[in-house]
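Chain nomenclature is as follows: A, B, C and D, assigned in order of appearance, with residue numbering initiated at 1 for each chain independently.
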Amino acid sequence: MPDELHPIGASSPAEKPADEKAAPATASASPAAEPPAAPTEAKPATPEVAKQPAAEKPGDAAPAAKPGVTPAAKPIPPAAGAPKPAVAAPAGGAKPAAAAGVAAKPPAAPPKPPAPKPDPWQSPLVDKLRQAYGSGLREASTYMKQNYMVVDKSIASDVLRDLCKQEQFDYCVDVTAVHYPKRDEQFDIVWILYSFALNQRIRVKTQIKEGEPAPSAVPLWPTANWLEREVYDMFGIHFTGHPDLRRILMPDDWKGHPLRKDYGLTQQDDQWVKNNLGIESGQ
Amino acid sequence: MSLAPLLRKIFLVDLLKGLKVTLKYQAPKEIVTEQYPLERPAIAERFRGQPRMNVNPETGEPLCIACGLCALACPEKLITVGSERNPETKKKELTAFSYDISRCMFCGLCEEACPSDALELSQDFEMATYSRDELLLNRERLEKGPEPTEYKR
Amino acid sequence: MDALTNYLHSSVTPGEAGDLLWATIYVILVVTAISLAVLSMNWLERKILAHIQIRYGPMRVGPHGLLQPFADAIKLLVKEDIIPEGADKLVFWLAPVAVVMTAFTTFLVVPFGRTHAVTDINIGILFMLGISSLSVLSIIMGGWASNSHYPLMGALRSSAQMVSYEVPMAMAIVCAILMSSLKTGTGTLSMIGIVESQAAQGRWFIFSFFPLGFLAFAIFAIAMIAETNRAPFDLPEAESELVAGFHTEYSGFRWSLFFLAEYAGMLAVSSIAVTMWLGGWLRPFSGTLNGKTWDLAFSFLPALTVFVLAGGCLLGALRMPKHPSFKIQTAGLAGFGLVLGAVGLVLLAPGVRERVQDMYWFAVKVAVFMYLYIWYRGTFPRYRFDQLMKIGWKVLLPLSLAVLILTALVGIRQELATALMGVLR
Amino acid sequence: MSESKFYETQWQETGKTFLDSSELVLNMGPQHPSTHGVLRVILKLDGEKVLGTDCVIGYLHRGVEKIAENRTYVQFNPYVDRMDYVAAVSNGLGYCEAVEKLLGVEAPDRANYIRVILTELNRLASHQVWLGTHALDIGALTPLFYCFRDREEILKIFEKYCGARLTTHAFRIGGCQYEIYEGFAKEVLDYCDFVLPKIDEYEELLTTNRIWVERTKGVGVLTGAECIALGATGPVLRGSGVKWDLRKAQPYAAYDKFEFDIPIGKNGDTYDRYLVRIQEMRQSVRILRQAASGIPEGPIIAKVPKVLRPPAGEVYHSIEAPKGELGYFIVSDGSTQPYRVRVRPPSFVNLQALDKMVRGWLVADVVAVIGTLDIVLGEVDR
């Protein structure tokens, strides 16, 4: 990384020292003790809910981890600090991975101002779903005024069906996925739904392991057809119940799934160059 | 169907209306295209064209302070800056600079990053060359600036 | 020398006079003239279309792109001759030849003037219709032989289209033939005969039996656009749908033959329209503004037109950009203007003056049609195939039949009246 | 095996070639005059009637989403212009606002006004390109040139404002990079006066023209419910009578400050979509007039750190691009580079409706429907 950038990066926390105040609060709450953190946040301390902060995507885990790590890590380098929670919390597959990724990226991550935390999302819809699915609804939060819920993959198709048929979420905006290679459940599948009647947009997320199929939304929203094909093309995720799961953007004989994190940017190029030009690298 | 639309349909009013428009525009003064190499378009002041490295007009010394910010800002990573610390003045001095406009998308981020107004995207838009090598601009060519081709027949 | 004097004093076409030499010369002249007309049409179309579309059009090859058609022709001639591998080679080769042959053969009977036709045959119009329908065949040949989807669809479309529009077209022509039987009593199928009967009746058939003549003309005008596959009926070569229609697989010289045939076809049907309804070679107002002085005045018009063109060229040369690179172009344009001026002078000569009259008016009338063709192309969207068929069969055909019957009834109204009276009495 | 050999053997074995079957498989594109770039549609035809289609896309796939993961937030900004290159400004707006949301900053008022002006100009330009090419597909050659003539003036304003005509890179995260040049507002207002009569002229050429009406009325019908099910947004949705525009439904930038209507169609056919877009152009002019005459003073860019490290988290932000809902789903892991950027391209989703719209229609209608969907392959393929 550029040396020149460093002073600028370092100056940013100095600019907002006021935010530091909020840091200890979250720091003490979430990362220090994983299971106890859950009850403070969520209602019944069912095992699933307890697992929730750990298993959710690092978008959530990272901010919680960072303030916690950095104060403690002052004497020790952050790289060494990162794996620690991994051992401490074996239940959380995702969190240590993401935390490690975050901590490793900037060489010396300055103590960042605490990130805005997702708030629990209170709404009749959530209550209804929680009633119906209980702990299957792992999380329902609001982040940056945007509502999302994380559901267990076993109930994902049911939740989607309910949202489509009963809750007027008649428009499937997007289906996509995010790859977290270091997590146990590698993929987040994200359905972005919109309701014309309510003028409301929600995200439904579920997490699946490598090789596991996801439920297809095509029977509910025909628009998901190509979107799921694209997810399949880019991530290699199979959708059960999809009528015509083929590659869409990449050629049919393409190898690999480009948007996975382990798919190198120039991998295909290099291979082509090697095969066709007989040299090591084209660039 | 009432009478007026019917009559309009029979007398092809809709078609005649269109014909009128196209007839109107046949006057040569309506032509908007340019005889390009002969008539040159007016290029806006902020236009982002071929890059140029400015030198101090009085001393001829480069304005570039070899900070490398442009290279960092570039999304395509097509700028390389070579610098060397002058042992006498303890300042970084520019030794080499290359700019690959074959990969450039003229986003202007390098220009914005430059703290000393050294790198600038000029108004020249005629960057066609006969070989790819010519698109790799070195320091000399950048300092000389673009050399627009004169139109000859 | 005898041949020349014979020709100059002849008041009939060489074909009628049995003058084989001059007939041959006329054939050559007609083929050359049509080819030149197609070349200039090419330039004009590009120029006029460009101006409709607020652009310059060709500007670089010669002054204002005047030499562009020649450059195009050379380009097409030296282009690689590509025959698709799956093509039926013989038919593929034959199609453009056939299409050009049919297109040029029609001009044998076109009367450019009273004496300016290769020949006059008493079934001239039938001959024209018959030969021009043959071009369908070559289009199908081209589309089929290409062994490719787009040409095949283009060929199918065009055959359906040409066959269906031939019917109203023929009906409209029959109206004109009926009109020609008035006064003279006997209708004629001869192209020259039809023009002469218009002269005898003192008015063009477009104004006869108003509005029947005009309606018949309008039907013909619509059908002829469809017949020549031009916008808004240019489905067979609809660029945005079928790429280039039946000649998608053709390139170079073969393609240029299709191109030649298309424009020759346009000229041919326009000639029919002019002959049938617009008085052929007759000058306008020949009925009302007649007399020696008017004749004399009108006889100067060809020269005047040429002078105006020449003046335009010279003016254009003056207004050329004052850039050294335009020296040759400026000189060329000025030279062209001077040549035109000289031609104009020749046209002023007494013997020549009268003799070019016929051709001049014929050419002017055809040119108007050509302009309309281009203007329509620049303005209208394209019909869909089924809509085109609908217009052909459900609108034009009944309309043309009605017009035909009405024309016939009006034509025999006196006989009809007497017959009716007889019955009643 | 060469092509002709193939047919020969096919002939010998089955006694049939493709010409003998009642179904014709026609490969439209990827190089075809009216597939707007490199769309390839495989048509199954019975004569000229379309029995089914299959879109083959991806010829222009550049992996924009993958590139995003390897660039910083600022560096990725110019790339979004290359998706819908006809409406580059809208793309930039969506991306910048999404990242701003992630950062928790808001662009200042002045920047928002400039953004609205430029995006509306771009909407006009995009609709003009659409109209020109759509008319060209249907066979009218000339409107294309009139549209491009009028679009040229917009591009000149872009060039003067930000230095590029097509891939503008006009906005930055947090606001705008460039202060408006002298006479900007006046030029925009002048353009409004200039373009309204021109829109009337397009209408004179097409709206009542019987050929145009016959070619577009009733062709490619989508009901509102079908649109929603297929996820079609933008003028396609509005043409079917659903009054939904993100500028009104979930206002962004400064759109809540302006008065404008959402034009909707009735029948959901190609003609209605045409009318909707024409009306939208007029509404854009209306917004432009309000915005250009009321640009507030103030800073043009909010305070954002030089190096952007949005807090870990994810947002979805969408705007009403000329083609429909353009969304960005950005996942941040707290580093300088986005962890994942997902673009929800309107053209891609709208293109799905093609099959539904053309079944049972003729080849010529396929062309018309592709035109009316207003796709840009740069965005479909990304």
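To be clear about the criterion, a contact is a pair of C-beta atoms (placed from the backbone, for glycine too) under 8 Å apart; a residue touches a chain by one contact, two chains touch by 3 or more.
The shown structure was predicted, so the numbers you read here are calculated from the model rather than taken from an experiment.
Undergrad: Can you list every chain that touches subunit A and also touches subunit B?
TA: Looking at subunit B and subunit A together, the chains touching each of them are D.
Undergrad: Using C-alpha centroids, which chain lies at the maximum separation from subunit C?
TA: Most distant chain from subunit C: A.
Undergrad: Applying the contact rule given earlier, which two chains have the most C-beta pairs between them?
TA: After counting contacts between each pair of chains, the winner is A-D.
Undergrad: What chain lies closest to the overall centre, CA atoms only?
TA: D
Undergrad: Suppose each chain is reduced to the average of its Cα coordinates; what separation in Å results between subunit C and subunit D?
TA: Roughly 44 Å, centre to centre.
Undergrad: Measuring from the mean C-alpha position of subunit B to the mean C-alpha position of subunit D, what distance in angstrom results?
TA: Centre separation, subunit B to subunit D: 25 Å.
Undergrad: Which whole number of Å gives the spacing of the CA centres of subunit A and subunit D?
TA: 29
Undergrad: Quick check: how many Å separate the C-alpha centres of subunit B and subunit C?
TA: 49
Undergrad: At which residue positions does subunit B touch at least two other chains?
TA: If we look for residues of subunit B contacting two or more partner chains, we find 15, 18, 21-22, 25, 32.
Undergrad: I need the residues of subunit A touching at least two other chains; which ones are they?
TA: 5
Undergrad: For subunit C, write out the residues touching at least two other chains, lowest number first.
TA: Only 52-55, 378-380 qualify.
Undergrad: Considering only the defined contacts, which subunit D positions touch subunit C in the complex?
TA: Those in contact with subunit C are residues 2-4, 7, 19, 24, 26-27, 32-34, 48, 135-142, 144-146, 149, 205-206, 209, 211-212, 214-215, 362-365, 367.
Undergrad: With touch defined as at the start, can you tell me which subunit B residues reach subunit D in the complex?
TA: 9, 13-15, 17-18, 20-22, 25, 32, 43-48, 73-75, 105-109, 112, 121
Undergrad: Where on subunit D does subunit A make contact in their complex?
TA: 57-58, 61, 63, 65-67, 69-70, 101-102, 104, 228-232, 242, 244, 249-250, 305-307, 309, 311-316, 318, 325, 327, 329, 331-336, 339-340, 342, 344, 348-349, 351-352, 381-382
Undergrad: In their complex, what parts of subunit C are in touch with subunit B?
TA: 48, 51-56, 59, 321, 323, 325, 375-376, 378-380
Undergrad: Note which residues of subunit A are touching subunit D in the complex, please.
TA: Touch residues, subunit A against subunit D: 5, 8-9, 12, 15, 57-63, 66, 98, 101-102, 105-106, 112, 114-116, 118, 143-144, 146, 148, 170-174, 176, 178-179, 190, 192, 196, 199, 201, 203, 221-223, 225-227, 230, 234, 247-251, 258-259, 261, 263, 265.
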